[in-house]
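Have a look at these structures, which come just after this line.
Here come two complexes built around chain A, the first alongside chain B, the second alongside chain C.
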Partner chain A sequence: MECKGSKQGAFFVLEVSGRMDALTSQGFETECLACMEAGNTRVVADLGGLEYISSAGLRSILAAAKKLKAAGGDLAFCGLSGIVAEVFTVSGFAKLLPVYATREEALARS
Partner chain B sequence: MSTPAGTPMSTPANGNNASTIRLGHGIAFRLSALVLSAVGIIFVVMSTATYFMAREALLKTAEQNARTQAQGLVHRIEARLAPISRVPLGMGYELADGGLDDAGILHRQRQMLLDNPEIFGTAAAFEPFGRNAGQEYFAPYTFRAPLGITHTGLGGAAYRYHAMDWYQIPRELGEIVWSEPYFDEGGGNTLMATCSVPFFTGQGRARRVAGVVTADVSLDWLKRLVASASVLDTGYAWLITRNGTYVTHPAQGVAFNETIFSRAEEHGDLELRRIGQDMVRGGSKLVETTSLHTGKPGFLVYAPLPSTGWSLGVFSPRDELLADVNSLALVSAALGGGGFLLLAGLVAAIARSITRPLRRLRRAAREVADGHLDAALPEVKSSDEVHDLATAFADMQESLKEHIRELTAATASRERIQSELRIASEIQLGILPKTFPPLPGHTEFDLYASLTPAREVGGDFYDFFPCGPDCFCFLIGDVSGKGVPAAFYMAVSRTLIKAVAESVAGASRRRGADRHSPQHGEAQRRIPNPGHILARANNGLAEDNESCMFVTVFCAVLDFATGEVHYASAGHNPPVLLRARAAPEYLPTHGDPVAGAMTGVEFTTDTLTLNPGDALVLYTDGVTEAMNPAQELYGEARLAELLAKLDDRSVRGTCQALAEDVHAFASGAEQSDDITMLVLRYNGMTTGDMTTGDMTTGDSAAADNTTGGHTTGNTTGGSGRNKA
Partner chain C sequence: MPPAMDNPGQNRLRLPAHQESLPPLRDLALGWAGQAGLADDVVPRLDLVLEEMLMNVFHHAYPGELGDVELALVPRLEGDPPGQLSLTLTDWGVAFDPLAPEDQGLEADLEANLGADLDDRAPGGMGLFLLRTLAKSSYARQGNANVLTLTFGA
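Moving on, here comes the complex of A and B:
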């Protein structure tokens, strides 16, 4: 799994690619915490390049989202496709967390 | 030096046999062999060079010696021959111009014999009618007779000496001529040669030969002289005349009987023939040849005897000439060999002294390899590489011990953890119900479930239990992550959900009783709402969930009196509905979130009615996300396909067929997630076994369904409610 971060307006965009499973998911949480410590609490995770996500990956996302929320920010998602989108739907994460079809939509929210 | 811990440990401890065998080709041996080979080669090269150089030098000297010896012999012979030939010459001078009268001639001849013991006889032969006009033959001859010196006269009709060689040849040549040697049987019984000297009369142009003076010379001394000339051990000298006749020769019967040419002819020896030709011509030379007499190779020196025109040959055998060289070579070889052996002993001793600590170290290493890690290492006092090796070896031994200590500790700790995990696994699997069929005595439905953990402990679970009159709750869950954390969370989730379900069931029953019993006098059944159960369980799980773990749950309640099923899903994979004589279909879900993520989440409850023969297949993502070695997923399509073509439609058979199919699909790929499945088949109501405790029969179920809004705390979409 790889994370590439960039500041875009009020948001910090993390481009996540590869596989987010038990071995790699901790990386995402760490990235988000690093963002938070740098003062970027509003994070958009672009999962367009993500091939696979396991329940451990979901746990990472959940943990990161909770911590960002506690810090007064939020964690939104965009670019979901394929099996990742399916996992988000089936697991109900699409209901728990803000999910947008495109990055533009995610960046356009207030 | 690093510590190649594996090397000594993996060396087969094959004891002393190998060690003694290998010693033969150890460093000591190789070092000795190398040094000695080098020294040996140098020694051989030097000896060979010395030998050949010395041989060359000695051969030159030997050649010189042979020449000198031959010349010496020639001189000794000449020293005696030359004066002899001067005796008749002097007589000739006296006779010239008729210097002596007849008596004077006899006196002079007698005196000559007395003065020269080698001279056997002497004659003064005159030209025909040269002395006296009327006398054709005048040749007074004085010789040694047995009774003393006697005079006689030569010549006559029977002996016409003027035609004889001894007279004719010197007369014609006008110079001294030696005859071929002959053996005089009549005279002295000795080897003789005649020296003939012409004498003259007149002066200038008138000078003419007046006669010939001869001296018969005994050559026994010459024979003895030549024969006694010692030439090394087997060398020899010989003499030939100007015709090539042998005068002396060491071989019996050669002298006087053979010439050098007849001998060369006889043996087919062309070289001897050439030598003979050169000798007869008066040549002097040294040639390398093989002796016909002894058969040995050697050097032949030949030189002429000037006074007679004869030729002397001296043969020196080569091996004797080279005897000195050979003995020199022998001595130097003996010295060199002795030195070599000494050096060999020395080198071997040094090499062994160098490798001795190495051998001790090797023994210690073998002991260590056999597992005696505390084997004492030899002390190496020197400060060379061996010492470094010993030090490094000691370090290695220490770190090996350390490593093994750590390994032992780690192994023990791992075994402890393994054992704890095994117990944990037993406990975890032990809390899952395993009584099939679940409600003995009830045939309205069959249920079977199985859980195959990917590791010792896992996060999947299933559960089933009665939860009210004719109500049966069954559920399946999957905790995020794996291993011990998931196992803990699974135990908490499963316990909490069961507790909540029973509590909800209790509440429902009480509420039902409160509401209905005063009016109808019978227990009004209220089926516990799965959405409600999940909502309460979710709140319980989400509180203080620092680890952010969560669980997906599919929870359903079957009213087995009617076949009605109420169900809710917390982010779980959609179960398969297997209607009798219809294709498998996935139950639609509402995308409700997983349990434990956040509090206050609401879950939709749906309802469906099972007809006798219909079944529900619940599973976790361990089934649909099972991977084969090509990283392909088992998938929902494959699951539906398998369920469609099942032969054995019993709950146990379905579970087993599914497990086998997933296993076959994985074809050896490692199982990455727990595989859990639960199958419930509804058989319908059968008469005679209706009672469950105080529950009423389900014939009022249809009526109940009208009240079954079940939307106690949850907002549910109307679409979720299927009415029978």
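Moving on, here comes the complex of A and C:
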């Protein structure tokens, strides 16, 4: 899994690519915590380059989302496809967290 | 899928039940998926369910000791539809049926959790749920072994 971050207006965008599995997914929470410490609590994770996610990835996302919320921010998602979209749907994460089709839509919210 | 192609006849692999065994077992299963002609949108489900069930064995089958886990290909039967793959996952640890956990509280928690909001959502239980959603599966306790059969595709 790789994360590439950039500030875009009020949001910090994390471009996530590769695989979020039991061996790699902890890195996502770590990235989000680094954003928080740098004062960026509104994070948009663009999963357009993510090929795979398992329940270990969901755990990392859930932990990050709870911490960002506690810090007064939030964690939104865009660009889901394939198995990533399927896992978000069956796990209920697509209802639990804000999910947008495109990055533009994720950045346009208030 | 190069690793399995190096040894196309390999139809089972038994390794220590710890995290380092995940990549070689995964490579073998993905090799079988290629040979079976599993559809492109089904292969990631195999990948996912295998990881979930292996992690389950790694973390829960052998409390306080290290045992083995074995992945085996179920031979195709005449009349099996093309594009289908069946495999078994065996461990010799604590008896556990992932399709019907004895702990009824676990089941209730899982249902409640799917509808919970962010503050109340608990992190666990998703592996078993993904198993039921994304694969056809059956479980048997055979002697001192847990044998989970998984079928994908067709």
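Here, the second predicted complex is superposed on the first by the 110 of 110 C-alpha atoms of A that agree within 3 Å, B and C clash if a C-alpha of one lies under 4 Å from a C-alpha of the other, contacts with A are read in each partner's own complex, and residues count from 1 in each chain.
We adopt the following convention: contacts are C-beta pairs under 8 Å (C-beta built on N, C-alpha and C of every residue); 3 or more make two chains touch, one makes a residue touch a chain.
Remember, it's a predicted structure, so these values are computed and weren't measured experimentally.
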Combined model on chain A where chain B meets chain C, clash or fit: clash
Touched partner set for A:55, first chain B, second chain C, both or neither: both
Contacts of A:66 with chain B and chain C, given as first, second, both or neither: both
Touching partner for A:91 - first (chain B), second (chain C), both, neither: both
Greater residue coverage of chain A in the superposed arrangement, chain B or chain C: C
Residues on chain A lying within both footprints (that of chain B and that of chain C): 22, 55-56, 58-59, 62-63, 66, 90-92, 96
Residues of chain B that touch chain A when the two form their complex: 478-482, 547-550, 552, 570-574, 589, 591-594, 597-598, 601, 621
Touching residues (chain side chain A, partner chain C) in the complex: 21-23, 51-52, 54-56, 58-59, 62-63, 65-66, 69, 82-83, 86-87, 90-92, 96-97
Sites on chain C touched by chain A in the complex: 19, 22-23, 41, 44-45, 47-48, 51-52, 55, 113-119, 121, 123-124, 126-127, 129-130, 133-134
Residue numbers on chain A that touch chain B, as the complex places them: 22, 55-56, 58-60, 62-63, 66, 89-96
